[in-house]
Structure formats: structure tokens, C-alpha cells
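Remarks on the structure that follows.
A, B, C, D and E label the chains in the order they appear, each numbered from 1.
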Amino acid sequence: MLIAKVIGTTVSTIKDEKLTGRKLLIVRQTDEKGDPIGKPFVAVDTVNAGVGDLVLTAHGSSARQTTLTDQRPVDAVIMAMIDSLEVDGEITFQKG
Amino acid sequence: MLIAKVIGTTVSTIKDEKLTGRKLLIVRQTDEKGDPIGKPFVAVDTVNAGVGDLVLTAHGSSARQTTLTDQRPVDAVIMAMIDSLEVDGEITFQKG
Amino acid sequence: MLIAKVIGTTVSTIKDEKLTGRKLLIVRQTDEKGDPIGKPFVAVDTVNAGVGDLVLTAHGSSARQTTLTDQRPVDAVIMAMIDSLEVDGEITFQKG
Amino acid sequence: MLIAKVIGTTVSTIKDEKLTGRKLLIVRQTDEKGDPIGKPFVAVDTVNAGVGDLVLTAHGSSARQTTLTDQRPVDAVIMAMIDSLEVDGEITFQKG
Amino acid sequence: MLIAKVIGTTVSTIKDEKLTGRKLLIVRQTDEKGDPIGKPFVAVDTVNAGVGDLVLTAHGSSARQTTLTDQRPVDAVIMAMIDSLEVDGEITFQKG
């Protein structure tokens, strides 16, 4: 899984019918402090995440192992909200 | 999923028989403003996309979870047209 | 899928028995003009491709969705020969 | 599989129900000496690993082939603790 | 598949029970001449390969399509020994 930050939202009217009602968020991978690194990608939200939240994302076929994503054409899912991260004994991120 | 822009088309006469009738478009990943970044790749169109459109693409086994791609040797699918993108409260892309 | 150019061949006597009779070609991803970029990889040929041909390759589990690759330990397949590529209204590649 | 070092821990209260009771560790890929390279990612622990341990991680659908991860939305798993690594006849890592 | 060179071995006492008896080798991707490029990774051996051998590796779910790896938490497998490689009509690698 990747540590990622939700940075935005997408709107799509024309899409595969299996995507109806799914919230597609724009996220960016972060480092262990929650600072974004790398390119933006889009993930299905399953935990009611919002812009600014730090989350975990699962990818590939693993992204389809939730009730909301089963058998759907999606390859990234937000499956957890991050409360805190600790690296080498120090808190590197704490939800505000 | 990736945010991607359709930049071109491919023509193939000799191909796996399961690809007959499928439209294979050339796309490039974009940033959250719709500006292309990275290398071109090829995806099956399922939403009647055309050159210049901003779309979402799903990859790997997830690309086979549509009616048009089920059990076919394709690893990327265009499964949504993007109307608009919003990042940190600002519209970064709006379909023309 | 990737646009790729066939650049060579491999010979393997000792291999998984499911690979018997499969032609394994060395290919490199190309840009939209057919110019190679990136590192070489090896793909199973299903369209009678040869060195110099521009082809499409499918990866991961999608590479096993052809008659020749079903249930075999291969993660890349050549599933189409490219006749031509067109980007932004101009022909960028035409088979010679 | 990747050679990786466990560098930290995550806490998530809101998450997919299938993740309940799973320990999610922050790891970084290492080279053959156990020195971290690349970005941090998160993996499910199945071998009682702790911060500082050198481990092997499996990714994608292969990460779901353990009792603890079967059918869960996780794409990386720690499936072995590394005792030692040997490269070109020399020990490059030995567990302390 | 990747062209890869076996560079070392791993020892793991504590591991997923499905890995018992499997030989896990350290390999690095090579170019078409057999010269290593990129980071080391670990693959299950199915062809009795040894340090110094040039091999082919399959990744992801395709790595589980051999008798030795079926349904196991491994994402890379050595499924062929390379005898020779030929690029653009010239032999670039020949087993010694």
C-alpha cells in the first residue's frame, strides 16, 4: 500500500456503468511525513475521505477486494484513513 | 487510475482474434491540469473517446472488468471521460 | 498496452515445461514514432512477429489471455502487429 | 519479492473492515546490503516483524496468498524474515 | 519477462509456511548483453539456477503459474535459463 494524500476531486458523467455512485478522488503518494511525492493518480474512496486527508491506497487487483469495488474497472482504492505514522520511534505524522 | 489525454490512434490488421472490433487509442498520463507527462501507452476505448479528450484509465487485471474487455489480452482501458478536475478548491481542468 | 519494437531473440533449453514451443522475443518500448525508449524485456509472440516489427504488448495477468499463453508463467505477450500510428492528425509510423 | 527494511508503524481507526487486526508496517526497499533505497510503502506483517528487521515483501495479487491476507484489500505483504544475504560468495547482510 | 542475472542467495528461517523448501535467489535485471542494470530483487528458482547464470523472470500473478509457486505468496519466478541472446542479427550473450 502507499501512503497518500487526497488533493482533489473528479467529475465524470460518461463512464462505465459499474462506476455509478463511486467517488473518485485525486491523490498523491507521500513520504513517511505525509509530504506529497510523485505524480497524481485517482482512487475510489471507501472510507469517506476528503481533501487534505492522509490515507492508505491499495493497487491492482487488490483494489477490487472491497464491497464498493468488487468486479469493477478500478485499480486503486482508498481503504484506510491514517491517524498517525511513527518512524524509528518518532511520530512523523499525527492527524490534526 | 491515471488521468490521461488521448493523443492518437493505432491501426492493426494482424492481432489476437479477441481484439476484433476494439478501438485502441494512444494516450499519455497527465498531471492534475491535464498536461501530458510520461511515455505514451495504448488503451482500449469503452466510452467513445476521441483525440484531445481527457480520460481516466484503469490498468492490469482491472482493465478487463468491462463488458468490452472481459477475458481479452488488454492491460489498459479508458473507463471514464473527465468533465472537470478540482484540486485544493480550484478547478484545474474543465472540459471545453 | 505498450508500443514496442522487436529487437532480438532468445534461446533457452532449460525452462518451465509450459513454455515448450513458445517463441520468446526481446522487445523495447518505443515512443509514438516507433523509436525505442527504456530497457529491453522479453515477450511471447502470438502474431508471428520478427525482428524490426513494431508491435503492441500486453502485460501482467492480461498477457495470459491468449490461447498460446493461458495458464503459463509469462507476463508479457505480443498480441498485435502495428500497421500505422497517428498522433494529432499526423501519421507518425507507417509499416514499410 | 523485494528486500526491505521495516522502518515504522501506522495507526488507522477508520478502515475497511477486512483489515481489522492486521498489522500494517512502513517499509523501504533496500539493496543487497540492507541499505534502504527508494520510497516508503506499507505492508501487512505475517511473520511478527519489528522496526529494524530486514524482510522480504511480495506484491500485487501475490500479497493475498497468505492466511492473513486472503481476499483482503492489501497489495504488499511481509512473508519472510531475512537471516542473511550472500552476493558473489560474500555475506552482505547477517542478522544481528 | 525480464532478462536477469543471479547474483546471490537468501536465508530465511521464519517465513510463510508455503515457502518451505523454495529456493529464493537474489537477481538483477540486465540489458540485452547480460550486464546488470537496476535494483536487486528476489525470485523463486524453478530451473536449478545458480549464481552467475543469466535467466528469465516472470512477475506478478504470472510468477504463480508454475508447479513450485502455485498459490504461494511469491511475485517473481525464474522460469528459464538463457543459452543465448541475439539482437539485430548479432549474438549479444552466449552461455560460457
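Just so we're on the same page, contacts are C-beta pairs under 8 Å (C-beta built on N, C-alpha and C of every residue); 3 or more make two chains touch, one makes a residue touch a chain.
Just so it is clear, the structure is predicted and the values come from calculations on it, not from any experiment.
Rounded to a multiple of 5, the C-alpha superposition of chain B onto chain D involves a rotation of 145 degrees. Centroids of chain B and chain C (each the mean of its C-alpha atoms) stand 20 Å apart. Centre-to-centre separation between chain A and chain C, using Cα means, comes to 33 Å.
For chain D, residues that reach two or more other chains under the stated contact definition are 60-61, 63-64. Going from chain A to chain D and on round the loop of contacts, you meet the chains as A, D, E, C, B. Every residue of chain D that touches chain A in the complex is listed here, in rising order: 7-16, 18-19, 24, 26, 39-43, 51, 60-61, 63-64, 71-76. Note for the complex: chain B touches chain A at residues 1-3, 29, 31-32, 37-38, 46-48, 56, 58-63, 65-66, 69, 77, 79-89, 92.
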